[in-house]
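Below, chain A partners chain B and then partners chain C, in two separate complexes.
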Partner chain A sequence: MAMDTTSPQSAPRLSMRTRRAIWVWAFLALPVLFYSVIRFYPTIDAFRLSFTDWNLMSKPAYIGLQNYRDMFASAEFWKVFRNTFAYLIIGTPISLLLSFLIAYFLDRIRFGHTFLRALYFLPFITTASAMGWVWRWFYQPAPTGVINSVLGSVGMGQLDFLRSTTWALPSIMVTAIWAGLGFQIIIFMAGLRSIPQTYYEAAKIDGVGDFAILRKITLPLLKPTTVFLVVFSSIGFLRIFDQVYNMTTNDPGGPLGTTKPLVLMIYQTAFNSYQMGAAAAQTVVLFTILLFISLLQLWILRTR
Partner chain B sequence: MAAIDTTLSPPLPMSRIKPGRIVMWTVLFIGGLLMITPILFMFSTSLKTSSQIYDLRLIPQSPTLANYIEVLTEGQFPRWFLNSSFVAICVTASNIFFDSLVGYTLAKFRFRGRQFVFIAILSTLMIPTEMLVIPWYLMSANFGWLDSYWGIMFPGMMTAFGTFLMKQFFETVPDDFIEAARMDGLNEFTIWWKIAMPLVTPALSALAIFTFLGNWTAFFWPLISTTSKELYTLPVGLTSFAVEQAIQWEMIMTGAAIATIPTLVVFLVLQRYIVRGVMLAGLKG
Partner chain C sequence: MKRFTKTALLAGTIMASATAASAVDIEYLQYIYDTRVEAVDQLIAKFEEANPDINVKQVTFPYADYQTRVVAANMAGNGPDVLQMFYGWTDSFVNGGVLQPLPKDMFPAEQIEADFFPIVTAMKRGDDYYGLPTAVRSLALFYNKALFAEAGIEGPPETLDQLVDYASQMAVKDSGGNYTTVGLTVEMGGQDHQWWREVLVRQFGGAPYSDDYSTVTYNDAAGVAATQWYTDLTTKHEVGYTGFMDEGQAAFRAGRAAMTIDGTFRLGSFRDIADFEWAVAELPANADGLRSNYASYFANGIGAKSEGEELEAAAKFLAYLSSPEAMQLWLEVVGELPARPEVALTEANLADPIYAPFLKGLEYAHTTTFVEEQAQRQVAMDMANRVFLQGQSVEESVAEAAAAEQAIIDRAR
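On to the complex of A and B.
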């Protein structure tokens, strides 16, 4: 019966539906083409290339898993792997702790709040390559380098920074932490603001101290923000490139390869030695690590 | 007022005490100054002559714009500046158009394949750029896109992040608005452009700012896809310039300052939008 009453109108209604579908696919046509050609095809291509030996001159030769075998057998790869995780494992906790502390106290300040926040946020919007050179200058030996000059003027010893196999990586890491801190502070402050004030008021009425409030209310409710930032920061450190490249141009990734991260290795393998297959295999490793971290995030937030 | 404060203060936490506040403010202020120290020193040194660079006073004794004049007239900085501007503006315009068009379509139309398209686009967030650069490079070589503006721009013309952000915002636009526009006989494109887009301007401004800054500071792909100096973007040009200058730090700092000034201007003018945008993006993403 219901069908009967609508049947006379079903023809124009169907055509309206079709018309809307035509609009939809007209809107999506270019984007679908874009994502297929510029995102999905290259992804598959990267996997395919990783099974080939190709120097751009001859035709690519299929060599199975040889690139992976060579990579996992090479000492250089494991050194780079260790470097990359050194950036991540030291850099992430330090930057998270610093940004949380700053956000926690900055959130309580009313006087000059916008001004203070701007000071902390400013480095985030600078150009990494430009700031890489500024920090490189800071790290120079005295009398050029700012830090060593200050150390010298207060009678302290000089530090080698970028020339030392021990301290070059931490020095670059400081630059990367500095550049990302402002973003993390803003995200932490947004997270802090999203916690309902009533919780704090209730806790205060019950006479709970500041530290207990922080431990029992703030930190647990901030968990999604923290997880997001841990993942975001980890991914950032795993992909570190701009700072390392600009701070070590005389010997990229040096001294003695002690600062070389995975992405710099990929860049050199692909665009300095033109071993496209081997470089593709290295990108697959990077992809796998990043995928694992993203899935870990989803899993942690689901069990919440 | 004061009487109420004192009667209530014993059960309240310590944060009411003023000296603590002052210490906290001072510590945060000093920390903030430390954060911008590299930027301040960069500008300071860019205003010094080569004989003054060992003088670490922040205010130069006799500030001069000579370095800027030399860098801007003898180097290729003006060209790189234009290249970066052109690339960043084109990519931003493209993202504003396509990301919001796709976001709108996914948010406001029910059609077969909608979920599939959404998940497919979202899944590209998992693919790191570094994995795509080799195929992009080969593709560019095949099509003759290396060393061209299009070659620098094409990978970023649409982003999953922007699409997702816009979809979230279009979902808050009431369907009634769109239905009413349909009743008035407007076509779907006009409804999107004239009715829906003006309702999501905060999200659009956030997307525009991020895309612009992201492309202005982009380094990895422009470094790979360009080989001739005429096509370098500012960050890549700066690196090649700095390598040539070697130890002339006042010149390198001048170059770095030129690369930084536009982002500082954008930040100072749009500070509120940027901070709000980061919060929006961080929470939605």
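On to the complex of A and C.
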């Protein structure tokens, strides 16, 4: 019929491409709006707040760089800063090395493979606060703590773990590494599986040894996975909070602040002291560090 | 027809005014704690029965973010009519425009000061009162009667020297040198920081702060002596240490601490202890018989946004919450001590072996005016930890603590 060829509406017909774009954006609008309101706006607002003195109750008063000056002049800030980097610099390499080793060997076994993989993954899906409390009890001195009771029963001395200014941070880091391991193993294994078998077959035919295969084939081809995990794990350690918060509620941030990371400091400044301006300034510092470290790692591990 | 309209109009007006009269809704805010919520529910029921024209709605939040929620609600213009608050938050709530002074005609200051325990003055700013407590808390020494009997000790320690003596007798270590039972829990993060600040420092002849709590004054010989005595509990007398069984109260509950210093608020959780009998005693005196205590309370205040008939209803409800009747109910349901001596110091209460020591403590208690309790507690914890974990001298540690706490106070003022 002749009628069918003309549009019932007088509006100009949109091209297929435009219509598709409108559809796509219609669906994307909601998350974009959502993120703008609950993520981007507060992030940008934090920069503004960091130049103010605000205790939630009064009107924010502009005080210029005072919050930053106070922060950089405070010994506590630098201690927290060092702690945060200790989590990052020790935690990231150890957790990546461990997860790679486990993934590498787990990839080669067939017997119990699924079971072991599930076992490694389990901590990742466990609530961080629940795990924090379990570990907190593991670390107790005898007679409550499992580890110290075992040490005691074989005649060894006690370790103070969470009550020691030296060992509290490593004790917490171990639990954080353990908690993140499962995820990293799964990603590494997916990365290992995605390397085409033909390279390995070719290498075998040429009589290349296992270590050379690892060094020349596996590691270079695993680079995108590694880059992703380095960035992901670094951000995780820089933002560490749950474990520290739950394992040291008696003395938040460990004895003499030896386990306190930046995020816990921000939390305390904002929600215990209600110094929102100072907390915003600390947040800006954390944001800058995260941005800088992520960019640095992307640059170092870029594909040449 | 005209007459019908007139009647209908009249009926309508009457109904409208009747609903208006019964429609005063006020909101009451407190944090979630089962027995407290239960007690307020009962109080609201009684209050509404006596005041059918007022409806009170109880709104509760978890304690962890209670303050934040109050402040956020106030900022959004949804502040409550009546709210419960820790006395230590008064400064920030008054300065932040969360509270308004109690109406002077209904709550004259002289009347308040005559009727309540003296610690109520912590709610006074200038000539205005900003809240009144229903119940108050004080500290006492909890002791495990089974462990006392085992050690052949008759009764609780009367003096600080006896406390050290008994505690060291009851502390037990295994062959590896690890404590299996402590004589006294040593934990600044618990109630010890209050004990050290308002009791020990005073018992050693000092004062923790100037009278208006604006200046830290424990950095002197008395403060150092009190701190030395406290840290000696671990380093010299070996009666216990911080972190044993995670928390002092956990150790006491498990029957592995002979004594612990804690507040009225712990009674509820210690009452479930089935394995042994425990009792309560007044905090030990010093050699001269000087005693002190730390008292604190949650008060009820009126929200700044309340006005007109809501304000009137809020004041009425607050008056009821601080009435003798409400205090008696609070004691029975929550177990906290009444804030009016006439209700608290009854013969029955004074004969009660558990309430009596706490009540005696109230007579000579001090109430610290905190500007930020958590931060000031942290100062005391760090002070003890520097001595315990880093071997810093007590003099230096006290000096460092005094400077840190003074900075916190100055920042807040």
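Everything below uses one rule, namely that the second predicted complex is superposed on the first by the 266 of 304 C-alpha atoms of A that agree within 3 Å, B and C clash if a C-alpha of one lies under 4 Å from a C-alpha of the other, contacts with A are read in each partner's own complex, and residues count from 1 in each chain.
Throughout what follows, a residue touches a chain if its C-beta (ideal position, glycine included) is under 8 Å from a C-beta of that chain, and two chains touch if they have at least 3 such contacts.
This is a predicted model, so every value here is computed, not measured.
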Chain B versus chain C as contact partner of A:62, first or second or both or neither: neither
Touching partner for A:152 - first (chain B), second (chain C), both, neither: second
Touching partner for A:126 - first (chain B), second (chain C), both, neither: first
Chain B versus chain C as contact partner of A:143, first or second or both or neither: both
Partner chain(s) touched by A:256 [first = chain B, second = chain C, both, neither]: second
Contacts of A:105 with chain B and chain C, given as first, second, both or neither: first
Winner by number of chain A residues touched, once chain B and chain C are compared: B
Which superposed partner A:209 touches (first chain B, second chain C, both, neither): first
Chain B versus chain C as contact partner of A:271, first or second or both or neither: both
Touched partner set for A:292, first chain B, second chain C, both or neither: neither
Chain A positions touched by chain B in one structure and by chain C in the second: 137, 140, 143-144, 271
Complex contact set, residues of chain C against chain A: 65, 67-68, 71-72, 74-75, 92-93, 95-98, 174, 176, 178-180, 187, 189, 242-247, 256, 372, 374-375, 378, 381-382, 385-386, 389-390
Complex interface listing, chain B residues touching chain A: 11-15, 21, 24-25, 27-29, 31-33, 35-36, 38-39, 41-42, 45, 53-54, 56, 98, 101-102, 104-105, 109, 111-112, 117, 120-121, 124, 126-128, 130-139, 154-155, 157-158, 163, 187-189, 192, 213, 216-217, 219-220, 223-224, 234-236, 238-239, 242-243, 247, 249, 252-253, 255-257, 259-260, 263-264, 266-267, 271, 274-275, 278-279, 282-283
Touching residues (chain side chain A, partner chain C) in the complex: 55-58, 136-137, 140-144, 148, 152, 155, 157-158, 160, 162-165, 250-252, 255-257, 268, 271-274
Parts of chain A lying in touch with chain B, wherever the complex brings them together: 20-21, 23-24, 27-28, 30-32, 34-35, 38-43, 45-46, 49, 102, 105-106, 108-109, 111-112, 114, 116-123, 125-131, 133-135, 137-138, 140, 143-144, 146, 149-150, 178, 181-183, 186-187, 189-190, 194, 204-205, 207, 209-210, 213, 228, 239, 241-242, 245-246, 249, 263, 266-267, 270-271, 276, 279-280, 283-284, 286-287, 290-291, 294
